[in-house]
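Please find the structures below.
Both complexes below contain chain A, partnered by chain B and then by chain C.
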Partner chain A sequence: MSPLLAAIFAPGLFSSSLVQIAALVCAVVAVVAGAVGVFTVIRGQSFAGEALGDIGTTGGSVAYLIAAGPLWGFTAIAVAGAAAMELIGIQRPRGRDVATGIVLGAALGVAALLLYLDTVQDSTTGATFTIVFGSPFTITSSAIPLVIVLSVISLGLILLLFRPLLLSSISPELAAARGIPVRLLGAGYLLALALAVALAAFTIGTLLSTALLVGPAATALRLTRSPTKAVLTAALVGIATTWLGIVMAYDSYDWYNESGKSWPVSFFVVTLIFLAYLLAGLPNWRRRRASVTSTDALTRA
Partner chain B sequence: MFSGFMVNAWTVGSIVAVVAGLVGFFVVLRGSAFVAHAIPNGSLAGAAGASLIGVNTILGFGVFALVGALGIGTLSRRGRHDVATALALVTMLGLGALFVGLSVEYAPEIYSLLFGEILGISNTQLTPTIVLSIVCVIAVILLYRPLMLASLLPDVAEAHGISTHRIQLAFLIVVALATTMTVPVVGTLLVFALMIGPPAAARSFSDKPIAAMGLSVAIALCVVWAAIALSYQTNYPVGFYVGTLSAASYTAGRAWAAWKRHRPALQTPSAQPAKSAAGAGLDWSQG
Partner chain C sequence: MNDNPSVDGNAPNGGAPILAVETIGVRLAGREVLRNVSFAIGPGEFTGLIGSNGAGKTTLFRVILGLQAAGSGSVLVAGRPRARRNPLIGYVPQKFLLDPDVPLRTRDLVGLGLDAHRFGVAMPSRARRTRVEEMLEAVDARAFADQRVGSLSGGEQQRVLIAHALIARPRLLLLDEPLANLDLRSGHEVVALLARIAAEQQIAILISAHDMNPLLGVMDRVVYLAAGRAVSGTVDEVVRTPVLSELYGHHVDVLRVHGRVLVVAGEAGELAGASDQAHIHPQVEVIA
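So, the complex of A and B:
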């Protein structure tokens, strides 16, 4: 390997099983999050995505308390949270925000209690940080089959509903006029979102789950108007940023490091996603600037 | 229950309830619940950064709250700010993950910021909380008319020469201020519950803005007082009671609204003209 490549890909990167699992799971999550995320951005439901991730972590702590598999806890609670939001009225654009907020507030209250019980039991306050910030380097290979099953269900649901969901997301009135069951579709979308987010929050943490759901999709929708292309672009942006983030985190072990740990993956992935979003807005912004200056020139002339 | 350190808990709890009730009213009115969630949560990263370089954590928290608010304001386009909010939140939390990852020792202050320490407020914390809350209340009073107009009828506001973008920024700064002051007391997770539940409940109970605002403050006060009392009795975290009681107050509000809709005959005659005036365009209540 040339010295440059060796500097970029630190020795042992490709043979580390932790890195392999993280790369595989991140790619799966990025694809699902990309597909679901495009609809999330079009429908303006990023808050629901973020909230379901947070609510899912409550399920994680419940599962931890009753010693069930955490992924089941995440999924069950996220789906229950989505159902509660649907009942309160997430289908109305104006009630959406409050419905999400109320469910999230109640869930966080319960989370406070559960974390308190957790910490009373075995004083692991570190769990809080895992829940808030998360890390893809903590996945065990035994979780992979379940992760793939859940992602196939979520992705399948989105692909199945793709066309009617798209119409009802862009123009609910038009969809309703065509006899499309808008509310049922909204509920179906929410179910796919809950599954996708529970999966992402469990495997790579709530922080990265929101970042991957919203960031790549918003970037893709800045670049292309076609929904199909947007889904593909979002998945690609998601995979690229997570893999690059993993490589950088692996390299960062040799950087500034007093604590004896490498820098967190989530930091790199989130920063890369944010940069991608800003860069994708650049052509638009320059065009707008150009048109403003040309009209300035016209008025002056 | 009303002596010693508990006096501070009751005082600060009441102040927090008043500010959260007032600011939360506009949060709900403007549909900015995500912002009210993102600013306190993301600002946690600032506290982590401050503890990494050895500065007061509340200062770091405040700086991040302000920067986050301005970032959301600059990134968001007219009317749609959920993507900007999500990106600002994850970027701040990403920095937080880095700060926590780089720090050698575990900082207990940050843990306390997550859930708050209402039962452990020292006398030195009282003064800054009171000053910040007075600033917040004055800001809400000064902004009341333009904020109301910009929230309900943005086009009319623009026609009157009010910049909705500037109002939005001013409002975000107020949320950041309110957050910085309430988080050390009730914690990031629950500031949010207090800013959403009571105001949303108040909107179901009353159609008049001023009455709903007063009601929002009153409900927030009841929630906080009940939460402190229950927490004192049972030893469970205050946050748990604040979260569940806020949601319960909202459920009660919705039940009340549904009951009123099904029994229109019970409405007082004086409520009718106010309703139709509100229906003429200022349709800001549930619906």
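So, the complex of A and C:
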């Protein structure tokens, strides 16, 4: 291996079982988040995704206290939160936002207490950090079956409902006139969203889960014109950024070694997603600048 | 005991009606929005649903589409009670706002017209592609087939929505105020396109508008709606001073000026929904 490649892919990267598990889980979750995220962006429901991720903090800290897997906690509370959103209804957007905000605040207040209790129980701040910012390198192989099952349900729902969901997302009126059950589809989508958010929270933390949900999808919307290509592109951007993030985090074991720990994977992943989004906007930005410049030239001439 | 001034009964030209609206009445929040509305449309007929804002046009469309329950009366499509998902009816909504970054090309939206009610992702097939190409051709939309729908002009979007509705081969096409947000030229193109479709493919067209003038040359029939009541017939039968005066419940004048029709009320203050029309005289208001 050349010195450069050796510097990028640090020794032990590919043979480490922790890295292998992290890479597998991140790839699966990135595909689910990408597919669901495209619809989240089209439907303008990023705030719902953010709220479901944030209340995951409460579910995760309960799971930690009773020594259950955090993914169970994230999933239970995200599904409960999505059900509550559906019951509040979509008739009055302002009422829905206020209700979501109040429930979100209450849930995070409870999370503050639970995270404190986690910390006291453990005498470390590890639990808080893992729940809020994620820690792919601590995922054990026992979590993989649940990740796969949740992913199959979430991705399966999106692929099954793809066409009617797409039409009702771009125009509920047009879909309703075709006899498509718009409300029921919205509920099905919310379930897929709740599971995708729980999975994203499991890999990069409750606070950053929205980045994995919305970031690759928003990047894909800048790069593609067709809905199926947008879903594929979002999935690929998700896989690329999470894998690159894992490689960089593994490298960072050597950067600052007094603690003997790596930098958080989430930091790298979220930064890479942000960079991808900016880069995807570059062609458009240059085109707009070029057209502005040529108009200037015309005006002067 | 029909309190609608009926000109020709319910018999449309040319055989069994594709759409029969029979004595429909709708109350919304205690207000009577539609009262005893009856009319019928024959195959391939071009019908204008004319009335000012608030006359009940959109409510009537919602009843025909099955999105609004009627308090009384019935809607028959091709002689049968309307089903929830009725492939015989195509619909073009008035408002269609799409951000330019939504990843949906013209050809995607047209394709959704074919199979949006089906589960799963559309599998590419030659038959599907050919059918989409045909529809793009029919509405003259091939030039922007691969552009995002959100980046198109209002007139282009209307044509794409018409293709979306037509691809499932309906017998009746409903269009809710398609000319409302278009400039004159785009509006003229859309009307000419619809007239061609009605004639060539024998698809009946029901198009709502607050101004009947852009439709005068192409309408076979008019359904004139005022304050929840309707009268139907040919333009010459319906758009006359005595008929419309009876419909409005007070005197109105029908004027023909350079081939245009103006419906003018004597007492402007009494009429709701006419504020967007130009005043001709301080005491006189154009209402349609």
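Everything that follows uses one rule, which is that the second predicted complex is superposed on the first by the 265 of 301 C-alpha atoms of A that agree within 3 Å, B and C clash if a C-alpha of one lies under 4 Å from a C-alpha of the other, contacts with A are read in each partner's own complex, and residues count from 1 in each chain.
FYI, a contact is a pair of C-beta atoms (placed from the backbone, for glycine too) under 8 Å apart; a residue touches a chain by one contact, two chains touch by 3 or more.
Note that this is a predicted model, so its numbers are computed, not measured.
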Chain B versus chain C as contact partner of A:97, first or second or both or neither: first
Which superposed partner A:179 touches (first chain B, second chain C, both, neither): second
Superposed model, chain A: greater residue contact from chain B or chain C: B
Partner chain(s) touched by A:271 [first = chain B, second = chain C, both, neither]: first
Contacts of A:211 with chain B and chain C, given as first, second, both or neither: first
Contacts of A:20 with chain B and chain C, given as first, second, both or neither: neither
First (chain B), second (chain C), both or neither touched by A:45: first
Overlapping contact positions on chain A, where the chain C interface meets the chain B interface: none
For the chain C and chain A complex, residues of the former touching the latter: 65-67, 83-86, 91, 93, 95-96, 98, 101-105, 108-109, 112, 115-122, 146-148, 161, 164
Chain A to chain B touching residues, read off their complex: 41, 44-47, 49-51, 88, 94-98, 100-113, 115-116, 125-126, 128-129, 132-133, 207-208, 210-211, 213-215, 218, 256-259, 261-264, 266-267, 269-271, 273-274, 277
For the chain A and chain C complex, residues of the former touching the latter: 38, 42, 159-164, 166-167, 170-171, 173-180, 220-222, 224-230
Residue ranges of chain B touching chain A (in the complex, touch as defined): 28, 31-34, 36-38, 44, 80, 82-83, 85-87, 89-91, 93-98, 100-104, 106, 108, 111, 114-115, 187, 189-190, 192-193, 196-197, 200, 236-237, 239-244, 246-247, 250, 254, 286-287
